[in-house]
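Chain naming follows the written order as A, B and C, and within any one chain the residues start at number 1.
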Amino acid sequence: MLGADLIGPADVLVRGIAALEEAGPEEVAFLGDPRRRSEASRSGAAVLIVPRDYCPAAGEPARVRLAVDRPYEAFARVGSLFYRPPELAPGIHPTAVLDPTATVGYGVRIGAYAVIGAGVQIGSRSQIFPHCVLYEEASVGEDCVLHSHVVLRERVRLGSRCILHNHVTLGADGFGYVRDESKRWVKIAQNGTLVVDDDVEIGALSAADRAALGQTHVGRGVKIDNLVQIGHGDQIGEDSLLCGQVGLAGSVRIGKRVILAGQVGVADHARIGDDVTVSAQSGVTGELPAGMTASGTPACENLAWRKQVAALRQLPEALRRLRRLERCPRAPGAD
Amino acid sequence: MLGADLIGPADVLVRGIAALEEAGPEEVAFLGDPRRRSEASRSGAAVLIVPRDYCPAAGEPARVRLAVDRPYEAFARVGSLFYRPPELAPGIHPTAVLDPTATVGYGVRIGAYAVIGAGVQIGSRSQIFPHCVLYEEASVGEDCVLHSHVVLRERVRLGSRCILHNHVTLGADGFGYVRDESKRWVKIAQNGTLVVDDDVEIGALSAADRAALGQTHVGRGVKIDNLVQIGHGDQIGEDSLLCGQVGLAGSVRIGKRVILAGQVGVADHARIGDDVTVSAQSGVTGELPAGMTASGTPACENLAWRKQVAALRQLPEALRRLRRLERCPRAPGAD
Amino acid sequence: MLGADLIGPADVLVRGIAALEEAGPEEVAFLGDPRRRSEASRSGAAVLIVPRDYCPAAGEPARVRLAVDRPYEAFARVGSLFYRPPELAPGIHPTAVLDPTATVGYGVRIGAYAVIGAGVQIGSRSQIFPHCVLYEEASVGEDCVLHSHVVLRERVRLGSRCILHNHVTLGADGFGYVRDESKRWVKIAQNGTLVVDDDVEIGALSAADRAALGQTHVGRGVKIDNLVQIGHGDQIGEDSLLCGQVGLAGSVRIGKRVILAGQVGVADHARIGDDVTVSAQSGVTGELPAGMTASGTPACENLAWRKQVAALRQLPEALRRLRRLERCPRAPGAD
């Protein structure tokens, strides 16, 4: 499964997975960073996942090693073997309220007090935990997990194998108003919708809004953390990753494999190219070209930003030096 | 309705509204920015909303135009004509739990599993979607829409024509503690409440806290985006706009028609005058005078902030020049 | 109760507590800041809590005073006397769904539509408001209040005397993925859990994630505001305070009595020592030593940061001066 070289006996029994320093004699641990070799040697783990070039420290006890190319990825795959997900009882709970026009696939489980509106479609084997509310004509693909209190608003479409954590709200109205003559806000009807593709996971208490026109779109494989805000009309490319409390204004375009670190903000109509990484708390406006690592507000090239930060720390002293120089420049040739 | 000049035949039938580039032969589109004239000429829209001074490009096909003073506002008004809002079935769902002392106006609709506490009042024609919980003595005005999972805590008062999106929480305890001698936090009871005036809309997953004393107040016509935090004792003036993830500490005073862009933070006891605009991610402390455009943390005049940002980008190079000058100032008169 | 000196008659009847400027003849107010003496003299309060060294202004009407060492703390204690908390009716609401294997202590109250999973334990006198969902094997200590729509995910452990406001989500999956060869994200199973100790209060719409391995831990007496994000594997020391919209990435260690002001972000694996205060919107990476006051992104010593901010405001002008100096340095000796 891991493509690992097994070093040691093949008949070890393990019951779980644990951190290097906590693992016991029936657990698997992993060593991602070769510099932690001495910790590895002290670990009580029965099995250790290590890089292929791993060379045990002198005092390290004999134990099974799985040598792999990418230890962290192997660890992720092993971890899922031991994972015991929360599961609903089979079938539809008697307290769930399903509109007679809703259609539900084979093996779907629906928890207590879920409310499923007119015309909703739920694909095979999906689980809808208690207290979810699916507004009319929302659709859910196959093998999805919607944790408790998830809301899909009217006409939102969710792909297959998606995981939505508690309180995720998909398809509430976008934030669009225009000022009238008396400077009051007139609401722009949010006629559009939201489409979320396959294999998307969204953390607790995050929101993605429906579009005013057309659709907001979250691409295949996108992973979104807790408390993230996605605005109306945003387009997020495949395999991008949005960390906690990231906020996107409206009409943002984000490429593929983009990483936005925690609390990043993106201004409306900004465009972020493929494979861009934006560091935490940065503010993006305008356009970031593909492959860039960006930082700061407004975000610029990461290296330039670091130099600015370093320079800023010297600035109070530099201003003193500037004043000294103005008062009394050194005599020419004094060097 | 729009005060528009109709250019072309009056008997065109349209069924929807769409973006310029997506509109088809039964749809209305709008052109807000005259520079997009060439896109307009390629649009398949049956009807185009344009500025009064709009002059079609050479190749633009004959089509109906509605010439108006403010195209975006006209678009908002037309959009609402085609809008199909989610609606509850008439009446009170049999699973809703209403305390016998709650009073409910004419035409109120209440969805499945809503819980309405003692002494709650709900004005005529308001809709309470499934899973809302209204604590004791909360009140809702007329023609409101409370989407699923909205919470009104005890004694919160909501005006008329308000829209609360999913999971909005109004009137949870403010965040107030005082340290005792052993440096532990003693909770300050939040005896006050929260009052939200008419025509307020609040986005999904936003929270406004009750006051410790007196009341937190959100003025008429205020619009609040998703994931916004309003602290205890805050006062927000009429027609202000708070974008996504804005956070206000306690005892903040915000004037009328103020715009806080995304992720702005406002420190406790800060005061923001009427018609102030604060740009995204800025941090406001102290006082901002009426009419100001503010940016940065701590927020200052926008123009000054832009100059600082531009100067900061030159700073690493400037420090090198300063060092050069210190080592070897140019000879006097060398210019 | 307050250790106060009573100045004036002991038989005054008060019915509530109010702000200095709003208090009436049956209310208690408090004066924290001696500079507000003139306001105090105008206040209509029947009873005034004052510092021990308070000396009334000339025109101040005769009234009862309670002289104490710490007026704000005394105010907090008096406020709690008048506080009328929302309370559930005794017993378990008939619509609550309890798994037969759940165990519930003496005097527990459970509201409408709560869903209590297999193996859940709830300690004596705790109140579970409507629409809470406790996943399997979650546990709640004694005398807790879980407001409506709170979620405890599988195996989460909550101490005694905790208050969780509406929509708090404890124990959703941490945000952990690893990239495979095709740059897609592979989910790391979040096998760990979350433990919250006694006397913790958490504001509305906040989330604390379960750990991938081991446990996320929130220490005794920690207070957390609204919309806060706590990542997987974080450890938060006793009596720390996290203000609104604070976000912690994963594997963060926070000491005791730490204060993180609003919108602070903390990067993964950062370490914050005891008694550190971080000012609003700062971004913490690496390590902050005990007792530090930190500011800015990346966070540094507060005093240094203030100097940087002040210097930055002078920077555009300083660059002009630098250019002038380069063009025409003053003649030596011209001073």
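The working rule: contacts are C-beta pairs under 8 Å (C-beta built on N, C-alpha and C of every residue); 3 or more make two chains touch, one makes a residue touch a chain.
What you see is a predicted model, and the numbers here were worked out from it, not measured in a lab.
Taken together, the touching pairs cover every possible pairing of the chains. Annotation: the chain B:chain C pair of sequence copies touches via predominantly different residues, less than half of the used numbers being shared. Averaged Cα coordinates give chain B a centre that lies 25 Å from the centre of chain C. Of all residues in chain C, those that touch two or more other chains are 113, 131, 149, 167, 205, 227, 245, 263, 281, 312, 315, 318, 322, 325, 329-330, 332.
By the touch rule above, chain B contacts chain A in their complex via residues 16-19, 22, 70, 72-73, 75-77, 79-80, 82-84, 86, 95, 111-113, 129-131, 147-149, 163, 165-167, 201, 203-205, 221, 223, 225-227, 239, 241, 243-245, 257, 262-263, 280-281, 309, 312-313, 315-316, 318-319, 322, 325-332. Of all residues in chain B, only 97, 113, 115, 131, 133, 135-136, 149, 151, 153-154, 167, 169, 172-173, 175-180, 183-191, 205-207, 209, 212-214, 227, 229, 231, 245, 247, 249, 263, 265, 267, 281, 283, 297-298, 300, 304, 307-308, 310-312, 314-315, 318, 321-322, 325, 329-330, 332, 335 touch chain C in the complex they form.
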